[in-house]
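What follows is a set of notes on a single structure, which appears directly below.
Chain IDs A, B, C and D follow the sequence of writing; residue 1 opens each chain.
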Amino acid sequence: MIHDTTIEAPADRIPVVVLGATGLVGQRLVAMLARHPWFRLAGVAASERHAGRQYGEVVQWRIEGEAPPEAAALRLARPTPDDCPPATLVFSALPALEAEAVEPVFARAGAFVSSNASAFRMQPDVPLVIPEINPDHLSALANQRASRQWSGALVTNPNCSTIGLALTLAPLARFGIDQVMVTTLQAASGAGYPGVASLDLIDNVIPFIAGEEEKIETETRKILGVWQDGAFVDAPIRLSAQTTRVPVREGHLASVSVKFAQTLDPDEILAAWEAYSGLPQTLGLPTAPQQVLRYLDAPDRPQPRYDRDAENGMGVTLGRLRRCAVLDYRFICLSHNTIRGAAGAALLNAELAYARGLLAASGRSA
Amino acid sequence: MIHDTTIEAPADRIPVVVLGATGLVGQRLVAMLARHPWFRLAGVAASERHAGRQYGEVVQWRIEGEAPPEAAALRLARPTPDDCPPATLVFSALPALEAEAVEPVFARAGAFVSSNASAFRMQPDVPLVIPEINPDHLSALANQRASRQWSGALVTNPNCSTIGLALTLAPLARFGIDQVMVTTLQAASGAGYPGVASLDLIDNVIPFIAGEEEKIETETRKILGVWQDGAFVDAPIRLSAQTTRVPVREGHLASVSVKFAQTLDPDEILAAWEAYSGLPQTLGLPTAPQQVLRYLDAPDRPQPRYDRDAENGMGVTLGRLRRCAVLDYRFICLSHNTIRGAAGAALLNAELAYARGLLAASGRSA
Amino acid sequence: MIHDTTIEAPADRIPVVVLGATGLVGQRLVAMLARHPWFRLAGVAASERHAGRQYGEVVQWRIEGEAPPEAAALRLARPTPDDCPPATLVFSALPALEAEAVEPVFARAGAFVSSNASAFRMQPDVPLVIPEINPDHLSALANQRASRQWSGALVTNPNCSTIGLALTLAPLARFGIDQVMVTTLQAASGAGYPGVASLDLIDNVIPFIAGEEEKIETETRKILGVWQDGAFVDAPIRLSAQTTRVPVREGHLASVSVKFAQTLDPDEILAAWEAYSGLPQTLGLPTAPQQVLRYLDAPDRPQPRYDRDAENGMGVTLGRLRRCAVLDYRFICLSHNTIRGAAGAALLNAELAYARGLLAASGRSA
Amino acid sequence: MIHDTTIEAPADRIPVVVLGATGLVGQRLVAMLARHPWFRLAGVAASERHAGRQYGEVVQWRIEGEAPPEAAALRLARPTPDDCPPATLVFSALPALEAEAVEPVFARAGAFVSSNASAFRMQPDVPLVIPEINPDHLSALANQRASRQWSGALVTNPNCSTIGLALTLAPLARFGIDQVMVTTLQAASGAGYPGVASLDLIDNVIPFIAGEEEKIETETRKILGVWQDGAFVDAPIRLSAQTTRVPVREGHLASVSVKFAQTLDPDEILAAWEAYSGLPQTLGLPTAPQQVLRYLDAPDRPQPRYDRDAENGMGVTLGRLRRCAVLDYRFICLSHNTIRGAAGAALLNAELAYARGLLAASGRSA
């Protein structure tokens, strides 16, 4: 039995592989793994055509600084268990279509796959996890293993625009959330690289991101729902989303209105946010933010440029809480889309899995 | 009695004065007046410290092209009836505080003041007019004249973020609008010049515009309401707004959700928008758009850069109509904030006033 | 013999075809042809995979307004003379590699090809023309026809960053230009669509554009050179270019320093620019700017946003002329890269060809 | 006598005051001092109207993260020695006009003033110092003290656009630099806050920064010159600058061409840059970059977004070295304008002064 206290680091750092390592989320993973206390980047994989070349030569590094030298020196493998170095833990930052084909192969071969891809998120035996919110959804892995005959496992994290919203709503769930209305202002990096053409974001915004609104609406309900009697039961929230793309590099901002099942004072909401903490904080997971949610009193915050890096990009920043004339309350939330919303999310899921002893169970022999 | 048919141009163009002519909205007015068939720019006024200097020397022209030569040659007057050339019609693009002091002086002196300023919009005897929607609100001018002892008149147009929304809602009012939820993405020009610092809009958005949300909520209700028994009665709509500033030059975009009093098909909404037309179109007012509202079928439109100039900036562009999981329908609307949302609004109000014979009545002798 | 007076429009507008019509320069051509007095858009061609579909369905319109309805209704042809409708005049906005294969086929089939592509610009029998500067280079077409056995002809216009510079230097050539140093700040549209990724131009500039510096250096010398004894002789100018990409939609700005063969007063330069006019102005070609070069006295102009549309985008705007401590004079020049620098350039070349009777000669029968 | 070895930290951190602490450079200083091993922020001063209020309430923090809590709690003083807490060392981030009045008062009162302001940079007894290049210019302080009767001292650092250029040229000086041509692309933060209006930098660049070109031309010659027989002798370089403002937050990029007194291979230049190191590196000054100049081989680097933070913003990044057809060599250099170009420059000068024992000498009693 695991006691919820700070977890000890492994004696040797656990070798991990990143699939889709040349993409923007893959780059973030590579950067975050370079200084990780538990995990060691052992392999990187990308599409067939780059296989065999050095990561540092192929990658178009599009985040701050430069590719870590150790990563840059790695040879790019094909995204197959045979071509990648042996690894207990595999991160997937693949596009959805590739993920659909590749991730099961690794899970079947015994790897614990922590995926940022959307391909399997809504499957009935695949946990969609934000460790602060629903770590118990990992219980579904027993069903997954049984039904899929995998010696490994597959755990997913939500879409970049879902995570900030779900973390903001989670501590309010106890009040009963009936309805949620959201309009997002999302950063260019959410579309990967090259992603959005500069001509579409100079002096412009785009009021559409393919598939994004459905993801917010369905994923949020699954995450805030329960794993019960061998099935995920969605939270009974009516949720409506409009997504837009704005000329910002990083940081998804959301304008949110919520209707609760009961009457609330703003102070109750602020207190719930302030106090919010979960298993990652209790366990002291290396990538976990100390303060998950932070409310700013300034009337014009949060802003992407100034607030997205809170808690090394793993915190969610809130502001402008006030009564809503249509639903009950309005507010703004902001999260770093490629850290908290993608790479950091997958990393935190893997840390949770390690802390829960789930990696050992899924170890794959060389 | 006026027949609602195309209005004849005046024999001689009517001399007009623009107050606040050096600001961004003032510049738009000056540009639009340079080629106006009914009105002739006779004078420009700005703050005391510029008085006496040539407009062309003082103005920092921040819209396309250059200041019209005739305007550039004008001497900047003080914003007083004595210092300005005689004019039947006065446009005010003054800041609210100045407008509060200056506009009544001109109205008292006999001018018809068409104001873009917020100072008097919500006053019980001041019409807040969008000519397509509530031209009958001009009836309040009789009361205004009586109570204020003005030989002239004061008519206002709404805030730049209100106009697009109100025009979009107006044709839907017949279905009964219960609730409206809106999040705006507003252009930098809405803050005037210099307005927002570039450091605040490079790689950033700002989720706050002072006073803007209240304006949207209160002005929309007044415009969609009625003038009845000597008083304005607000439309009984619950309206909630979140405003944001984005790195766009011109064009306010709004994400809107609406709850109606009755069940509707999307086709009914589209048909109502498509067919929408008002008095400016019937009268053939020079600045009136031919098609007031235009719905785009493309999934990612309207976009500020590509759609704001529809109908010379006087049209409103719509898109993405779909059912809303919380209210009834969601959609996007876009309008040009310094044309339809400000200068063009004031101009259209003045054209309506001329067509209705209200300018003659308020003529001020030299 | 042609008299250099205003040219009469053809009785019927001449049918033309645009190759590469879906690209950004192709779109500009389509837009400019929609209202052209001499030419009528008869056909559009793009890559094989779009052939047969309607232009309006395929094109991602990325310039102001919308695709002209007549153009939108056209069926996209393959870029072959057989698949395109018969046309005396063919505009090529193809990528260089495709242009290399396709343009000769049309020229051989009898079309007069006005090309914006770089493939043939530096060929010894292909005129690289800016009509104000070197219309006499069209004399090379006789050699071209003889050597290549084409019944048609191929004329090219320079790179978008070369045109503004060449037009600026042309009137100074009489003073003797020895050396030119240039650093450009080029707009995103110069890279086409999708072109530069937004992540590379939000809060960033890129100090490199592949092949661009060589084009500026070689093309400028050819344009300012002479056609003599059956060969092009470059102007003996030492020219050094650094190109950069900046977050601007349209308008290439250049910081230029020039060393002359003689001592000059600034007034002589200003006068030469002011007076500059060429054959397009004399002939009254429809797309020709009235004032080719315009010098702005304001200390901070020209600026892309405010000045690029001068003369409908066909004028070049200059500013900041002053002595240079290293060479003789420094200044700034600005031109609209997809109009004066591309689509308008190809169009003006075609108008010149028509005025010179060169289209008739190269007519291709259906 | 000082040996050029690593300097020991003072037993107690030296109390310092920042004048102009609410501006953008002041904010950087405050942020950098929050974690400084030698200096302790004891006081902050700004304009009269803010005096007495808490720094955290007044400052509009416009750099990453938030104002350090210790700084935020400080009371803003008037910029006078009496109102500020006693401090041996005073940093000035004042505007030039204020600096002209205020800095001498502090120097007279005994403080060592490290100023980022331009007011005194070109004075014949004021060192204009970049510690890697001309630490010996501090010898002028003896003259300064004598002539001005100050018990303290005043040392200045160059303009933000000069520093990167001067550091790049310094290691090449041994080859003999005859001529330098530069065009800069400068970040918005160089103009302070609010600085440039967003309307002037959305879809735009500005080819003018008041006074900036003269500063580059004169300051560079002074820095690369010598202190000799009691006077500064400029380096005999002909230098011509064009400055532009681009939509970038931080990082000034320069396109540079250089003519040398002798023939050079590119490898000699690269080697000189690579090996460049100065007194700050030898002494191990806390803010000194380890590698002063770094050359990137990638054809499209350096870029502001990706390279400005090299060496915590204290390194200069170079790229694109190649022969120039007009002068001898061209290249690109980039430096962080508010760190290496301003706050870090002033800080490094102060560290040098401490290491040289110049602070003790100028200590001011409480």
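Here is the rule we use: contacts are C-beta pairs under 8 Å (C-beta built on N, C-alpha and C of every residue); 3 or more make two chains touch, one makes a residue touch a chain.
Every value quoted in this text rests on a predicted model; they were computed, and no experiment measured them.
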**Q.** B-D or A-B - the one linked by more C-beta pairs in contact
**A.** A-B
Q | Relative to chain A, chain with the most remote C-alpha centre | A | C
Q: Can you check how far apart chain B and chain D are, centre to centre, with Cα atoms defining each centre and the answer in Å?
A: 48
Q) Between chain B and chain C, what's the gap in Å when you average each chain's C-alpha atoms? A) 41
Q) Between chain A and chain B, what is the separation of their C-alpha centroids in Å? A) 44
Q | Interface hub residues of chain C, defined as touching at least two other chains | A | 62, 200, 202-203, 247-249, 305-306
Q) Inside the complex, what are the residues of chain C that reach chain B? A) 61-62, 64-65, 202-203, 249, 305-306, 309
Q) Hey, which residues of chain D end up touching chain C in the complex? A) 179-181, 183, 185, 200, 202-208, 210, 217, 238-240, 242, 244, 246-249, 253, 255, 257, 259, 299-306, 319-320, 324-327, 330, 332
Q. Can you name the residues of chain B that touch chain D in the complex?
A. 24, 62, 188-189, 193-203, 247-249
